[in-house]
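First the structure, then my questions, so here it is.
Order as written gives the chain letters A, B, C and D; numbering starts at 1 within each chain.
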Amino acid sequence: MPERPRIRLVPLAASLAVFALVLRAVHALPDTATGLSAEMTAGAKASGIKNVVTAVLLDFRGYDTLLEIAVLMLATIAVLSLRTDPDALSRRISGVAGPVLGALTRAYVPIMIVVAGHLVWIGSSGPGGAFQGGAVLGAAGILLALSGFARPRWSSGAPMRWVLAVGLLTFIAVALLPLALGGTLLQYPDESRKSLVLLVEILLTLSIGASLTSLFLASASDTSEGERR
Amino acid sequence: MTPLLPTGGGSLSFALDSVSVPYLFLFGVIWTVSGLYSFVTTPRGARRRIFAYYLPSAIGGVTVALAADAISFYLCFALMALPAWGLITAGGTPEGRRAGAIYLTLTVIGEALLLAALALMAVEAGGLRLDMLVTAMATSPVRDLATGLLLASIALKIGTLPASGILPLSYAYAPAGPASALAGASAKVGALAMLRLLPAGVMPENWAAVVMLAGLTTAFGAAALGILTTTPRAVLGYSSASQMGLVLIAAGAGLADPAAVPLSHAAIIAFSLHHGLAKSALVLGDDIVARTAGRARSLALAGLALPALALVGAPLTSGFVAKYALKDAVYALSGSVPHAVYSLLPWAAVGTAGLMIRFFILTARHAQVAPDTRHRAPAALWGGILVLVAVTCWAWPATWNHHAIEAVLDPRALLTATWPALVALGLTAVVRQTRGVFARLDGALAPGDILVTGARLVRAANAALPSRKPSERVTAETGPQAGRPLLGVEERLVTWVTASTLFVLLAVALVLLATR
Amino acid sequence: MTTYDVYVAGGAVLFALGTYGLLERSHLVHKVIAANFMGSGIFLVLIGLANRTPTPEPDPVPQAMVLTGIVVTVAMTALGLAIVKRYFSETGRTTLDADEKPGERR
Amino acid sequence: MNVVHHLPALLVITPLVGACVAFVAGRRVAPHVALATATADVVLAVLFAARVLAEGPFRYRIGGWGAPMGIDLVADGMAALFIVLTSIVGLVVTVYASGYFRSTDPTAYGHGLFWTLWLFMWTSLNGLFLTGDVFNVYVCIELVGISAVALVTISGGPDALRAGMRYLFASMLGAMTYLLGVALLYASAGAVDMATLSERLVPDTTAATGLALMVAALVLKTALVPAHFWLPTAHASAPTPVSAALSALVVKGSYFVVLRLMLDVMPDGYLPGAATLLGVLGAAAIVWGSVQALVQTRIKLLVAYSTVAQIGYLFLVFPLARNGRDVLALALTGALVHATAHGLAKGGLFLAAGGLITRFGHDRLAEMRGAARAVPVLTFAVALSGVTMMGLPPSGGFAAKWLLISAALTSGEWWWAVVLVVGGLLAAAYMFRLVAILIADAPAETAPAPKPVRTEWLPLALTAAAVLLLFAVPLISDLAAASTTLQSAGVTP
């Protein structure tokens, strides 16, 4: 149904009002504010994680990140629950793609995996981390599936479900570990903080990559349905 | 944390005091006898349905006498009143349904008024016990409001004009057993509420005068309405409304004058006992008459005379006792309104006598249903009630029957108690002679009078409301007629653009209010 | 007026544009994109405001919020698109029906 | 490791682990995983409430950092009450669902993913009730939103998809508005921890704008009139156990945060006018929701609009809260009792409505006349839920209304009491209409019971619990007294 371009005045006025109110609110702020940066920077120094943002994400506010992983996994599962025909895409992509795409995929995927690993590794000191790595890994997964190296239906098979869940499950296990040692949830012991964070990051990368791949493949799977109508 | 909190099980407190005893006796007897009567007269298959409503109603109806705090009073009040709807509609007739709907509407409104009154009083009193509530009202700034709400709620319960139709509606369509319980006990809960909740002896004179006049108007008005109806039970219903008007007079007598309070309360109790038992006996007797033939029928009609005469206040009946108690209460007051009420009271008995004559004519006239083979048990139950009607008020260990006992052999008093009945008989004779004039009025009124008319109007108004899209599927689905325009408004309100814009405007409004 | 004010003002513009789109555009994919506009607007505001610290390093907390927010928005977007797609494949429509009654069953 | 010390964390982690395990284990094992998780959660919830009652409010410092750096969970009476309510309704919904989702078609009902999604929703609700951090609230309400939308669309029909999409867009709009509010609030006050915020808040435009936006967003998620537009369709098109969970629990989640923001975070009278506006909208919701419930022709829509109306009562607490501690205590207890009673009764009512729909094969009220003969248990459950909706004693609905009316009259703002009384009358009207249809003297054409009959007793159990809730009012009142709102001393981080 083609939409005729039109402006509705009331929604427009409402949006403009929101704009004006936000500007007014921001304008009322003082020019400088420290927020929590001082505490956070000091805390990060103490904890040994050089990148403060990573320290905030995985340590100080690790609980947010735990639930955020849950959000991503939940969305993936929600999208999986909406598939009509899980095998539609698999039927369309039946064999390995032609020589060029095959060769390129063979060349790129290992590089992407290395890049993903690198992004995770440098996350502790600079920009990077599980999400960035996971995104690259997810792209690799999609590439593998579309070029026929991996069957798209695998995206919802039992092994894939394990991969999807392993990051969150590991994160939970690591979060619960301190409880046995007398701490609270996510209170990493100081001596093993770095290695635990790294372990979580690596497995999270895997799960995030799997999630993104699954999100793509699950919603791509029944394209033919809509086109048929 | 706060005394206003219903503290769970502990907040439901019950107590036995001088007010509970007569009401516990009355409600206990009536709900038990009527229950047994229903049991023996209801076919086995229909019992489950009747008793599903009867039992909760009976539990509420009996325990309300014991309720000692606002929450348990409200609980029992509601528990008695609401399931009664199922008893009224038990017949499954359209009239019964309509009666049930009107009854339910008025009852729920009455409940809401009572809740508001109780909450108002509890907040003032800072507690929930009924005696605290009444005491606190004496000096409270919201005294008038709370009293007004209470009186409105009670008026709906006891059928004060213009709501007098509620009683005939609730008696006319229920099976005889439950109807007898409703006739004997339901409106008396209103009397109990007068005793338990109305401020005593602290209100301005005007309040007392207005309440007494309302009672007097109802006493006469309901009698006039009742004479125009054509079913025996509807006549009884209007008679109840009329008699409860007298109880309202008694309650009014106690509102302003502290000296009259004991007399007023005595009169309410006496009237409740007398009228509850007598009315219950009349409803059952009507059913007995319908079940019998020949000599048994004559015997039953003779038996019916006892409660009927009691209502009229004939000498040696319980009505004689109750009327004395009422007169004593009104007599204790000074002022023009009490005097007027006092002098008009005997004339109310003329109305009652007229109603009773009408009831007899209708009962004797109405067709006999197939004789019940098990009519011995119903008859025995009825006989038990008749004995109680005859004895209770005279034998009750209280002070309110002393005056009547003293007067029982005084010829002047006997004459006073008899002439209204004679006048009514005379009037009846006149009416029967000139049938032509009154024939048209006979049956001019359906049970429920203006309430039924009101319900019809509401229905008609609903049907007349313009509908947005007559062809809409809603019509076929028998959606409520009035619903269509409302559904249409909502339909437009929840379209995405409208609704989400409304939300953003709401957010803007909140921000503006917050940063004012 | 600093550079960061531009970020904040730009963020507010994006947010308002997104709001308008989510409210008014009837194509479902437009709505999903509009919601992403709103998200990006907030992220810009957060980044802008994070730089009001007196030190050269910006406040890490809003940055962490942005990272979390992005992931959550991605999740929401994915679900939104999946539902739009399934809805299209079931009904062949790309708009919410304003003229149909809520909750009607066939 | 002493479990008792970690109850707040475990209440979130347990259903989360359950969700992951249910997902990995697959469709056949998942129902058992869910049942086990639900049982465990009930035990944890009861232990948690007992601990809060015994020791008063406490904070659980995740990561050991403590606010304002880290995220604290706030364990108080209010949270405990909602968590116990969630666990009870949750357990019943889980058992009901194990009878409901019995399909042999592998693609039906979201490929058996209901259990995972449901446990995610449970996680997020517990998280929402426990969190003491306004940004963490954002993550939690997104979890609630996504799981709720996915559960609505799980049956996959066009109606469910359309309803789910409206719900999703409403969720997005709400979440974005909320997040913008958090951004502004943090910019002004420099904290996201609620207790810290309540100390640092200054009445400047930025913070007030932020908080107002957050409250507005939560009002949308709670479906207060006029932002109720997404609720009736979403709640009516979802599969029955989902409808029950959405109406009984999910709207309470965002409402709970409004309580926290309005009563805990903001100092007295911080947002002038906002509290009044919320009260007015609450009153409007009571009237408009009831009127709409009265005219609906489909049973689930009737029940959903009843939810719209009942939500209104919850918002009357805000204008009343400004009248001193005594009134606040009365009103807050009233609102909490109401939330509990409504959760139980509406959960039961939706399950009963679902049972009726299953037996009749449609949801048209007019054609359900005389249902009582075929399904007496469900009819009785509906009638019992009516008792609490109308506010008759000894139901929780009565206790709640009594407390709110008392609060209104004590404060002198009697007009809220009028609203409450009128609301009771309207509720009586729509519930009687429903009951009258069911017990009408007409032959009902129902299919023979295709489901295990045990599912018919579950709604009855829930509504009966709501009717007897008056006897639990002392407990709820103790929990309210153990909330940070009423314990001025309990808000230090």
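To be clear about the criterion, a contact is a pair of C-beta atoms (placed from the backbone, for glycine too) under 8 Å apart; a residue touches a chain by one contact, two chains touch by 3 or more.
Everything numeric here is computed off the predicted structure, so don't read it as measured data.
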Inset, instruction - Could you tell me which pair, A-B or B-D, is linked by more C-beta pairs in contact? - result: B-D
Legend entry - Whole-Å separation of chain centres (CA-atom averages), chain B against chain D: 41
Inset, instruction - Between chain A and chain B, tell me the centre distance in angstrom, where each centre is the average of that chain's C-alpha atoms. - result: 70
Inset, instruction - Round to the nearest whole Å and give the separation of the Cα centres of chain C and chain D. - result: 26
Legend entry - Shared-contact residues (touching 2 or more other chains) in chain C: 15, 19, 22-24, 26, 45, 49, 52, 61-62, 68, 72, 75-76, 79, 83, 86, 96, 102
Legend entry - Multi-partner residues of chain B (at least 2 other chains): 487, 494, 496-497, 500-501, 504, 507, 511, 515
Inset, instruction - Return the residues of chain A touching two or more other chains; collapse runs of consecutive numbers into ranges. - result: 8, 11, 14-15, 18, 21-22, 25-26, 29, 33-36, 40, 61, 64, 68, 71, 74-75, 78, 82, 84
Inset, instruction - If you connect every pair of chains that touch, what shape comes out? Choose line, ring, star, complete or other. - result: complete
Inset, instruction - Sort out for me which residues of chain B touch chain D in the complex. - result: 1-2, 4-12, 71-72, 74-75, 78, 82, 92, 104, 108-109, 111-112, 115-116, 119-120, 122-123, 474, 477-480, 482-484, 486-487, 490, 493-494, 496, 499-500, 502-504, 506-507, 509-511, 513-516
Inset, instruction - Could you pull out which chain B residues touch chain C in their complex? - result: 487, 491, 494-497, 500-501, 504
Inset, instruction - Can you check the complex and tell me which residues of chain D touch chain C? - result: 135, 138-139, 142, 145-146, 149-150, 153, 156-159, 161-166, 168-169, 171-173, 175-176, 179-180, 182-183, 186-187, 192, 232-233, 236-237, 298, 300-301, 304, 362-363
Inset, instruction - Enumerate the contact residues on chain A facing chain D in the complex. - result: 21-22, 24-26, 28-29, 33-36, 39-40, 43, 59-64, 67-68, 70-71, 73-75, 77-78, 80-86, 156, 158, 161-162, 164-165, 168-169, 172, 175-176, 178-180, 182-188
Inset, instruction - Spell out the part of chain A that touches chain C in their complex, as residue ranges. - result: 1, 3, 8, 11-12, 14-16, 18-19, 22-23, 26, 29-37, 40-41, 44, 52-53, 55-57, 61, 64-65, 68, 71-72, 74-76, 78-79, 82, 84, 131, 215, 218-219, 222-223, 225-226, 229
